[in-house]
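For reference, the structure discussed in these notes is given below.
Labels run A, B, C, D, E and F following the written order; every chain starts at residue 1.
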Amino acid sequence: MRTRELWLTVLLAAAADPAWAADAAALNGADTAWLLTATALVLFMTMPGLALFYGGLVRMRHVLSVLMHCLAIASVVSLAWLAVGYSLAFTADQSGLGLIGGLERAFLSEVARDTLKGTVPESLFFMFQLTFAVITPALIVGAYPERIRFSAVLVVSLLWLLVVYVPVCHWVWGGGWLAKLGVIDFAGGIVVHTTAGVSALVLAGLLGPRRGFPREVRPPHSPGLTVLGAGMLWVGWFGFNGGSALTADGNAAMAITVTHIAASAGAIAWAAMEWLRFGRPSVVGTATGLIAGLATITPAAGAVGPAAAIAIGLLAGLLCQVMTTLVKQQWRIDDTLDVFAVHGVGGILGSLLTGLFAALVLGGVGYAEGQNMLGQLGVQALGVGVVALWSALATFFCAKAAAALGGLRAPEEAEIEGLDLVAHGERGYDLR
Amino acid sequence: MRTRELWLTVLLAAAADPAWAADAAALNGADTAWLLTATALVLFMTMPGLALFYGGLVRMRHVLSVLMHCLAIASVVSLAWLAVGYSLAFTADQSGLGLIGGLERAFLSEVARDTLKGTVPESLFFMFQLTFAVITPALIVGAYPERIRFSAVLVVSLLWLLVVYVPVCHWVWGGGWLAKLGVIDFAGGIVVHTTAGVSALVLAGLLGPRRGFPREVRPPHSPGLTVLGAGMLWVGWFGFNGGSALTADGNAAMAITVTHIAASAGAIAWAAMEWLRFGRPSVVGTATGLIAGLATITPAAGAVGPAAAIAIGLLAGLLCQVMTTLVKQQWRIDDTLDVFAVHGVGGILGSLLTGLFAALVLGGVGYAEGQNMLGQLGVQALGVGVVALWSALATFFCAKAAAALGGLRAPEEAEIEGLDLVAHGERGYDLR
Amino acid sequence: MRTRELWLTVLLAAAADPAWAADAAALNGADTAWLLTATALVLFMTMPGLALFYGGLVRMRHVLSVLMHCLAIASVVSLAWLAVGYSLAFTADQSGLGLIGGLERAFLSEVARDTLKGTVPESLFFMFQLTFAVITPALIVGAYPERIRFSAVLVVSLLWLLVVYVPVCHWVWGGGWLAKLGVIDFAGGIVVHTTAGVSALVLAGLLGPRRGFPREVRPPHSPGLTVLGAGMLWVGWFGFNGGSALTADGNAAMAITVTHIAASAGAIAWAAMEWLRFGRPSVVGTATGLIAGLATITPAAGAVGPAAAIAIGLLAGLLCQVMTTLVKQQWRIDDTLDVFAVHGVGGILGSLLTGLFAALVLGGVGYAEGQNMLGQLGVQALGVGVVALWSALATFFCAKAAAALGGLRAPEEAEIEGLDLVAHGERGYDLR
Amino acid sequence: MKLLMAVIKPHRLDAVRDALTAIGVQGLTVTEVKGYGRQRGHTEVYRGAEYVVNFVPKVKIEIALSDELAERAVEAVQAAARTGQIGDGKIFVYELDRAVRIRTGETDAEAL
Amino acid sequence: MKLLMAVIKPHRLDAVRDALTAIGVQGLTVTEVKGYGRQRGHTEVYRGAEYVVNFVPKVKIEIALSDELAERAVEAVQAAARTGQIGDGKIFVYELDRAVRIRTGETDAEAL
Amino acid sequence: MKLLMAVIKPHRLDAVRDALTAIGVQGLTVTEVKGYGRQRGHTEVYRGAEYVVNFVPKVKIEIALSDELAERAVEAVQAAARTGQIGDGKIFVYELDRAVRIRTGETDAEAL
């Protein structure tokens, strides 16, 4: 992952003075510059990107509650990540089983300004990962708006971070058992989108539907906000996927290229299908297809080429749209903003397709030595399956815990009058 | 364009191992880091920046259609750029005439993660250029809102990309005939703003005015959105002009400096003139002056100094304001959001002023060897003139093609009820 | 502040060719890449970030005027900074007293594309500092919305830039007398937040309260805009504090880490206290706590560790909330958007806490040689005290000057009908 | 002919419309209004202070009716709009002189 | 004195105002409303599903008039608001007891 | 029973409500409207051109009253809404047949 330029400097330096060399080998300013930027971009995805994306889709009287959910999750998860999350996810498992890390890095202890992780400061790696830990539970906000208790948002999100996100992150990115099996998840098809999507479905089921679902729900109160948020997510995703290279080089560059192409293809596929089905494409739909494309390319962004990205994006747009209808109209689960259909399905689909399109012949980077397409597909399927199962089970437990601690669902009055006013004492718009 | 630091590394390395050296010479991590960022910034300009800037200026019932136009153009153009656009624009013309490139790079074929273009990965150069190819047809959206058919937006934008943007891009930036003549267009005064502005005027003329134009048109439905978009465009323009240096050095730094100064001067000039003419300056006007300043400095950003930037910005603010009135009140052309008056006039003015202010004595970087002010001005005028003419002719053809393929103008009912509802089945705001 | 990698290059290069070396030593592409980005991020904080943050908090009929204030300040201050501000702040004081710089750099004279300041182009350093000069008077906008004359905004902001911001900036960051005393102000606890906060209080007092204050004021017209702005400020602050390292290394990384943590803690503290006091936390409050945390960590971001950041953020959230009530309910000063309570108090608190938490034993970077905690606290208190006093006095003078030149307060009709319509001829929303 | 004007709680609108349709009312006109009455407004918290908002969002419906339908319509609205809590709203009835359907020029009962 | 209340299509507002001005009406008051009637609402597509919105945006105008003007005003509104398509709206007229101009205290016909 | 309908300047609303409360009125309903009358609209500047907006924001209040209170209410509104400048608005009064409190079913005077 290091740039060649650095290698060279190191080689030359090594001769001169070994002590300097070790140090010089480590910090790469360019990688650091890019990762600082990428970190800002990923934070931007949650606040304000995702908050607005979701906020525009709900009824006017609940818009602030959705923003509040995202803001509160961002704040609370950040402290939890500092306290224990990062350490549990990214330090070695003493047991050797690769299930969960230790507490050596709790509160970033022993991490000074010049402590490195790879070619970048460890504090920067911590922050970059923090932004992922923040956005993942924030994605789940789309499952429960307009009817959840605010305290339940806090309890579920915190517990979920610890029992779902942190272990899965360790398994896949922290050197845990799935990493050892060779699962490919470049930027979070499994760690982020599968976990969030599956958990959203479970949570939506346990919470029950909104009043009037599915016949009398209202359309988004401000699709413009949603498009604004989608634009921010699009741009921020360059940091999400491009930053996951951890280097400022061709890996990052190709990652943003395929990311962008898949997003475009996802938007086109969704819009085209709406045009066929309903006679006209909607902007909310097109933006949703965009996000579906982005979620689906995420695990693959380090492994596939531009042509594969088109295929991945198109499949994402089509399948995710079918799934929104299936979940809501057939399964009758009010996963209100389609977190499962878009992120869950997208993450799973992308993780599987990664096994396929990583193939050299399909323009990908190829498999690790000793691995082939079938083997890789098997590993990907195993990873996705186990993580989906664990997410479902653990989310069930989180929800029950929250139900015990103050309740899950807001009183009916709040649902009618609006969570904004009842839970937060505010109104979204005072237009006079 | 390379930083000196790199030169040095190369020099030292060259001695050690020639094979390494060639490679090390090529990739500059810092340039890559900056260009990754700049690419994100320019995408940000279109989505959501420009979409909101334009969206705020139209009537409430058409706001989503404008967002949809920008989103659809961004998606569709991205795939077309990948398929053929980039290759036609940036590979060599086999004929040697410098008119249009070949198809070697169609679908980025032969571009791997470590393929370079200058000091950066070629995939990154492709992406950076893609964001320019996206925003240029998106600028034209301002010519036709509130009355165009959605299918016409798609047809016109795609055709236009291929017959206007791609060739002109090749002429100026792809080593084509205008490049050989020595035309200076740092970041798109000709390639972006002249093409978009002139084409907008032609398209607006062919499409005809909105119902009630010019007496009964309504003011912008949400100037706040427009200011939000303008702020995003301002920030994004640092990537647009600063990224066009393709290096993280004093060229990029001075480019953002003059960009920022011209923007400020443009805003001030526009506001001051409104204050004199109408007794009060408007925020929509001030934001428009800002954009006029930005468009006008664009071709000059690599060649002029800060004092020249003030002059360029002030002239932009004044002239573009005069032109908005002229186009709408005198010529009676409903170029609805003033694409020609702001971008066309700004791009042309800036391209000419570049010839002037590049002079060393005026604080510029000076002319190429053997060139002087008069010669440069001539080249600039030629470039602008030919491109304007070509844009007008080719746009006429694109519009006729779209008219044949399903029609240009939306039915009157859609104009009255709103394109949002009729063309996309959505409403911009559901405030209850 | 240089990265070690660069040191090495320099060492090796020095042997080869002294002339090259001086040059190579100077420009660091990675630092440049990061500072280009940081500059964009800080501009983003003002436009559109702060503009929206404030715009959402006022009544609907004044929203555009607030956006206009921010936009106008950004434009006008930029030119003033180019003309004289930067030079006065950052060149040496000929008198040796460290009170104010000279005019050598007026209009950036003598600054070419390859002129350096430290490891980055001087034009870039100029631009980065410009964005600080812009946001500081823009913060004061929160003191006077809904009732100020637009001309007064211009007069006060320009004068204030010259008599408050520029000298204080010279004292602390330009090598002036406070710098010599060893005051620590990493990114502007004193230079930005103390000056703006104290001046806001004075200005609000002189201007008088809004009609109906404090009994009949209206709640924010669009808290969603405020959250959107807060999100942008949060992200932008990574550039503000991270960029203040001027390098792409562990200093920048740790700066964004503590920045983020303090922001989160500030949001949590504010929300928790509202929950206790009123039975429910508001999103406007939570966002305000976030900003309080950010303002308060600003001076400390280069000197403290993550644990200290939690403490700083929590204290910020609690104290600033208490102060909003105190200023408005007890002192009866209509500092409308709580600039003093949030930025002033935050800046002062943070500057003092920096003296404390910089201690090595508390996880900080330690004091300069020969300095200890008590000494540092003394210096910090002196710096804050003198700057607060100077800000108050000089603002009084600025306000009187503006009152003489056309008046401070808008006519009552404008306050009732809205500054948008009366001062700018526009309306914020035309929803039909 | 009568005009029935009712001020009701917004979330009862659909129920009221259904009840009216059931008795044969074919059209009505809805306006968003704010009410002031025995039902108190709410408080909003804003940066460490509470503010009282006096007006409560309500929906006003207006229905032109033949005299015969009027009585039943009053009952239908009352039944459908009622939650039993303060702030349920009011029904007012007054006399209409004329009604015209713009499209056809039909008048009075035929216009409804 | 009469009060003429009309519910019309929003885009006919300017035409109606012009027509009324032409016959000497000097003032009127406009409210944005939503109508329910024979004219169906529209469907909105939202993420793979269609939703029906029952209410149609309309504009209500209210004009206080002398008895003499009332008749002509009804005609003027009907002519100007008419598009011939379903949903053109209704005109209602009822009796006013009093009118007062707040600024001057003038009453009835003089107040209009 | 009477219904008093007044169109006033928006910023006089609080004063009018206070004046009505003072004479014993317990409830009212408020609608945001746009007025057209002698008071001109405003001009808006938009990119180098001026546009005239004809309609002026107003607030309409509706109050159902017993006959006795009606007279005093008209006076109270007139006094509280008056600024003496053009555009202060109008008060209209008409007869109500019935009033019903939805919550209790009380009618007429008791319903108010």
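The rule is simple: a residue touches a chain if its C-beta (ideal position, glycine included) is under 8 Å from a C-beta of that chain, and two chains touch if they have at least 3 such contacts.
The structure displayed is predicted, hence computed values, not measured ones.
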Count of steps on the shortest touching-chain route from chain A to chain C?
1
Both chain C and chain E are touched by which chains?
A, B, D, F
B-C versus A-E: which interface comes out with more C-beta contact pairs?
B-C
Rounded to the nearest Å, the gap separating the Cα centres of chain C and chain F is 47
Return the distance between the CA-based centres of chain A and chain F, expressed in whole Å.
53
Separation of mean Cα positions, chain F and chain D [Å, integer]:
18
In chain D, residues with contacts to at least two other chains:
31-32, 44-46, 50, 94-95
Multi-chain contacts in chain B, i.e. residues touching at least two other chains, fall at 6, 9, 12, 28-30, 33-34, 37, 218-220, 248, 278, 280, 282, 284, 424-427, 429, 431-432
Given the complex, residues on chain C that touch chain F span 216, 416, 421, 424-427
The residues of chain D that touch chain E in their complex are 3, 17, 26-31, 64, 94-103, 105, 111-112
Under the stated contact criterion, what part of chain A meets chain B in this complex?
3-9, 11-12, 28-31, 33-34, 37, 41, 59-61, 218-224, 227-228, 230-232, 234-235, 238-239, 242, 247-254, 256-257, 260-261, 263-265, 267-268, 271, 278, 280-284, 286-287, 290, 305-307, 310, 365, 429, 431
Given the complex, residues on chain F that touch chain C span 11, 14, 42-46, 50
Chain B residues within the chain F interface of the complex
214, 217-220, 274, 277-278, 280, 282, 284-285, 288, 321-322, 324-325, 328-329, 338
